[in-house]
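Here subunit A shows up in two complexes: once beside subunit B, once beside subunit C.
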Partner chain A sequence: MKTKSLLLVAAGIAIGATGALESKKAYSAELFFPHTVYRTGAYAPSGIPSANGFRDYYALLNKRDGGIEGHKVVSEECEFKYNTKIGVECYEKLKGKHGGAMLVNPYSTGLTYQLIPKAPVNKIPILSMGYGRTAAADGRVFPWVFNFPATYWSQASAVINYIGAQEGGLGNLKGKHIAHVYHNSAYGKEANPTLDALSAKLGFKLTKLAVDHPGQEQKATWLQIRRKKPDWVFMSGWGVMNQVAIKEAASIGFPMTKFIGNWWSASDADVIPAGDNAIGYKGTNMHPAGTKPKVIQDIIKHIYGGDMAKAKANNVGEVLYNRAVLGAFYATEVVRDAVKLAGGKRPSGDQVREAFENLNMSEARLVKSGMKGYAPSFKVSCRNHEGNAPGVLIQQWSGSKWTTDGKFYPAMNDVVRPMVEKAAAAYAKENKIKPRDC
Partner chain B sequence: MFYREAGQFKSSYQADQAIFPIIQDRWFMAIVFVVAYLVIPLIADEYWFQAVLIPFYVFAIAAIGLNILTGYCGQVSLGSGAFMAVGAYATFKLVTGFPELNIIIAFLLSGLFAAAVGMIFGLPSLRIKGFYLAVATLAAQFFILWVFNKVAWFFNYNPSGFITAPPREVFGFLVSGPEAAPVTRYYVSLIFLTIFAFAAKNMARGHLGRAWMAIRDMDVAAEIIGIRPLHTKLLAFGISSFFCGVAGALYIFVWLGSAETEAFDLLNVSFPVLFMIIIGGLGSVLGSILGAGFITILPIFLTNAPPMVGIAISADFAKHLEEIIFGVMIIFFLIVEPAGFNRLWQIAKEKIRKWPFPY
Partner chain C sequence: MEVLNTFFVAPFLDMGSDLIFLTEVIIGGMMAGIMYSLVALGFVLIYKASGVFNYAQGAMVLFAALTLVGLMERHVPLVLAIILTMGVMIGLAFLIERYMLRKLVNQAQIILFMAAIGLNFVFEGAGQIAWGSNVKKLDVGIPDKSFEFGGILLNSFDLFAACTAAILVAILALFFQKTPTGRALRAVADDHQAALAVGIPLNTIWVIVWSVAGFVALVAGIMWGGKAGVQFSLVLIALKALPVLILGGFESVPGAIIGGLLIGIFEKISEVYWGPAFGGAIEGWFAYMAALIFLMFRPQGLFGEKIIERV
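Let's look at the complex of A and B:
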């Protein structure tokens, strides 16, 4: 009996193994996308939809298109609880698997900071889409890091643009009072220098309020807001901090329509816990939310077999899910270009980097890949890794879904770009990096 | 049969007072050194260096530091993370402010800064003891990290508050910075650990260690026999913080490469270091090292174990599983041997001594 069952198991494994070999044969190579996720801990409310979005888009590419240019997309998750130290361990573990990582998508600003110095050494480009180190937008100092379609600084300046538009022109901001509620970490602090500069330039009063990790306790912060009565509140939050902030804002009666989250602070999981109190809450975004877009419909069809309930349980259509799909789209498109550069073969790290720098997300290309109206269009260059059209959409929570006025609020490049180049130059000096000429 | 001191005669005080008086112990240590210095660098890959060994050594130094204070001198401290942060930020300021300064000297100087800060925060220990002192050091933990987070001068006005290890060479070998070879960084941390472990062991065996232990066991009695509490306690705080400070500097410059204050927070650093010495054994250098190994390596092993034996589980489930098993193992060890790994090691030695004819 025992030997028999053992034999059965062995046979099963053998069949499974040949099956695996068979499916491998159909693809010419594997393209590996390591994925550091946080499905546990205080950042899980943000981490789970993000992780699911990446997972599903990679699976969709294999199912719908047969991989990227005939190569199989392989991804592997490593849980790091949004703890940068564990994240570094994950990176070290994953970077060499399946023949080497094409690129990394840390999905954590803290981890991005850790990986930036390692990228040129390991020859693995970093795509920190709309997060990470703002100064990395200067491609002369950070050849291996890309943070399109907009950095934190561009985003903050675009939000000020939006607030100006609401107040009837940037000139009217003089004398107004804006508060920045931020996660007290590298991530949250990112927007501060831009806000400082704009406050000096446009004459509005700025109050910066730090919320310590993980952000479950914000009574003191919101008490200050009640006392200081700012006209607008801008928030850079993440994870459990967002929902707590929105609930606290509601409890002190701060008008939701004047409360704007950055694009990591305005997802479904952030507003739903506050219930009806969150109606009117605004956030920036770079892509539409919901299940309407074609790529999301494709995922529901191919990955969930049209089972809407199952898709919803996996966060499909939520803001952060859709954001992750966008991130996976850009990552895989870049690797598609790199495969072409490599003459159809598996590209090297240098080739992926080259593809990044020559990335042209033209409208025509977006139409071709079915992402028109979903993915922002921009062009990356050797000098500018942020893309040439940074800016934001503003979305608003209606109580059941996010709506947008469809208007694009551009960043103030004239203010932000010199600051980026200055910060990059300081980094280059500190770390003895010779900036490239371009 | 193999492990006994019968027949080993000491003909001088010096021989009798050696750290390892028994020849078998010396052989054992020699083997440990050969493995650590020669074998491991040959067989380990980058993942092992970066994810397992370097953090193990760095935390071992911090644990030895805390053990001097808590294990030998009996002063409970929850501020080890903060003292490590002092070391790291001081190194950062030194190496960016004086680029020509040898980074090893910068590490040691930062240790002195940490020692000074530690002695300041050790002052309350003259008045308060036990849990109350723990709370006072907890205040140090929060205050110091708050300062590093708040005062932009400490991170050179970098907008995000991150400090990054710049590339620095020692004798032509790149020690810090992203391009430093893992094996070089491994040797740096190992050499520091070796020197610090021997220094701690010798301090503990000498006049100073005895004074600490006297204070720990009964401070009134110690005072009566002529040990100055102020002097002794502050020295323990200073030396402990020196160790922690150097560990903190290595933590950023040799291991992580860059960090913000969050990397030194209570739950990430101070508590784990305290657990290391509790699990390893209070008042023991070897225990500190074993405890550091347990706390740093076991979680990594537990996360990687299921895929290694071919069990495919999702990444988050593996993490949950790791936390459960890790917690259970801590409880198990503390029940089985509350005095820590060091005591287990001693029991094992006694057993070997009588093997194979126990009486």
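Let's look at the complex of A and C:
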């Protein structure tokens, strides 16, 4: 009897201790990251790896780190098929869930345009990482929108910088011919003003060729390329347009090494349908592809239990997957700063915005986060929401993987920034916004 | 004056200045047009036999291509995969007849059209649920090499598609004109009540025609999927077939081919020579505009039957 009682007491102590440990592990609050995704529809091949990247990184933070500063990361997807109207409905549906969204990452330029006026009203900052409205880089007019580490305009100027380097210097671009093949949408047209300005400044001939949505048939476009014989082609495509363009370029014999896609036109799904024809195709990027980076290895270990086949089936290591991981990293680091600003509590929208504006993604911080060599470093300010070091990496398709020399090609800030400020001033005037003084 | 030059003089001078390029544009347009015709054929078949404007034809193309590539990914040999996919399409034709058409006999055309819209969503959803939404490479061994002939750029894949379309039209024409089933199909299309009265089994005919449309969808899916991978955007090629149908006529197999060729040529010429004046990307709406202008003069299309109804 005595032994039985002792055993019961011991069991009780053990259960109690376990419970105490569990309660210590319990999260203080929930930090909600809504996510508008497109796992179905015409743009699903791009939407699926992106959605998986966000999902896995949020799960990694909970599993590996116990959330953010003791708070649980909660995410919820809403399918919008890359349809802006449905995307706005998703935003309205999700914005107040789990105590309210920390920020939104629309993953669509069209949707970003629609959400910009809503951000200050709902006090939910927008992170449009490398997409969206370029003029939003001027934080005086767009205090709630952040588009680091580089805008479309900066990206286009960095591509010209790269082409200049290949031609032996920017001075050698005079008399050269560059074609811009673009998706006939707000997104596709974004790079045109920069290219026009650079064409005037550097003396290269610019031909702009629009491709209608969705871009399954591009014979006319590529026959014009064949006739005009540009030295380089830069593409701002999306979805099936990219795959068809690469095939058509190969079909007319345009050299792949002189064909550069922007960072939404150079993913695994874009090159695989073209097979060997895509070998040599180039694209811009802001992070490495593949499964070698530490954060990707962590995902494979913690989320997929080391099962590489399962990880690959979920697009781990693909360009757009890795980009989404980068986006989730930046988003959660901003919220980490915001939690600290709130004294360890759940931050308000204003505090998240303040954290955005003071974000210092220094090399030291990247080392500490295990993201050195994966995420670009930069510093955001009240005035400059794009960050102070925009530029691109150039990656190239080998037939089985993307490779990069790791060389960073900076944007031409002297050309782009005045254009950004001019466009932002025009937006402010049109929408009767008084720019902040900073 | 400058406007007149931009729209009415410069494009023609440009055409005349480089006749080889003009020929290339025309051939490119014909090759693109043939691909539209492959999709348009499916519409024509079903419209001929059941009077239904099959809004789901694009989704059928996607579903057939997804099924084929899904089977091939599971290491099913190509020929067997094609046979199995055809089996799936025939099975679906049975289901469509049993659960959709049979219930809607004698309903107004708009009801049948609405049902086809519903069917489109079923195909879209079922295809993606069963086989996923990722882009899939489809390689059935069609050669895809470009070469020059007399200075004109040609592509072996495009030529193969053109030959396939020609063979398909010949087979369909023989089927409709020379076989008892084909004649029965035409009888049903003319007047299904009269056809029933003379003993033609309406339900069987519908299954046959939807199966044939499924076969055409599979061929179109192989061609379009081979070009740009099998993915959801295959559904949208139906939009390319509409001006072809308006031009060629909804009931004519040869009309689908001729309409496709004309629309293809018109699209490419307008894009290349008039596109710059409009800022580019005009081929899509230009095709519709051309078809609408054509409608004003010949509402039944090039080869469509002129409908005269008594008041």
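Keep this in mind: the second predicted complex is superposed on the first by the 413 of 438 C-alpha atoms of A that agree within 3 Å, B and C clash if a C-alpha of one lies under 4 Å from a C-alpha of the other, contacts with A are read in each partner's own complex, and residues count from 1 in each chain.
Convention: contacts are C-beta pairs under 8 Å (C-beta built on N, C-alpha and C of every residue); 3 or more make two chains touch, one makes a residue touch a chain.
Bear in mind that the values here come from a model prediction, so they are computed numbers and not experimental data.
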In the overlaid three-chain picture, which partner chain does A:P193 touch, first (subunit B) or second (subunit C), both, or neither?
first
Considering only touches as defined above, state whether A:S251 meets subunit B (first), subunit C (second), both or neither.
second
Between subunit B (first) and subunit C (second), which, if any, makes contact with A:G275: first, second, both or neither?
second
What is the contact status of A:N184 with respect to subunit B (first) and subunit C (second): first, second, both, or neither?
both
Name the contact category of A:K97: first (subunit B only), second (subunit C only), both, or neither.
neither
Figure out whether A:L209 sits in contact with subunit B (first) or subunit C (second), or with both, or with neither.
second
What is the contact status of A:T40 with respect to subunit B (first) and subunit C (second): first, second, both, or neither?
both
Where does A:K312 make contact in the superposed view: on subunit B (first), on subunit C (second), on both, or on neither?
neither
Interface residues of subunit A shared between complexes with subunit B and subunit C:
39-40, 184, 210
Write out the stretch or stretches of subunit A touching subunit B in their complex.
37, 39-40, 76-79, 81, 83-85, 88-89, 92-93, 96, 109-110, 113-114, 116-118, 120-121, 133-135, 184-187, 189-190, 192-193, 210, 213, 423, 426-427, 430-432
Give every residue of subunit A touching subunit C within the complex, in rising order.
39-42, 44-45, 47-48, 184, 208-212, 214, 216-217, 219-221, 223-224, 226-227, 239-240, 243-244, 247, 250-253, 269, 272-273, 275, 277
Within their complex, subunit C touches subunit A through residues 18, 21, 24-25, 28-29, 31-32, 35, 128, 133-135, 137-139, 144, 146, 153, 155, 224, 227-229, 231-233, 235-237, 240, 267-268, 271-272, 275, 279-281, 283-284
Which of the residues in subunit B end up touching subunit A in this complex?
46-47, 50-51, 55, 96, 149, 156, 158-162, 164-167, 177-179, 256-260, 262-263, 265, 268, 300, 303-304, 314-316, 318-320
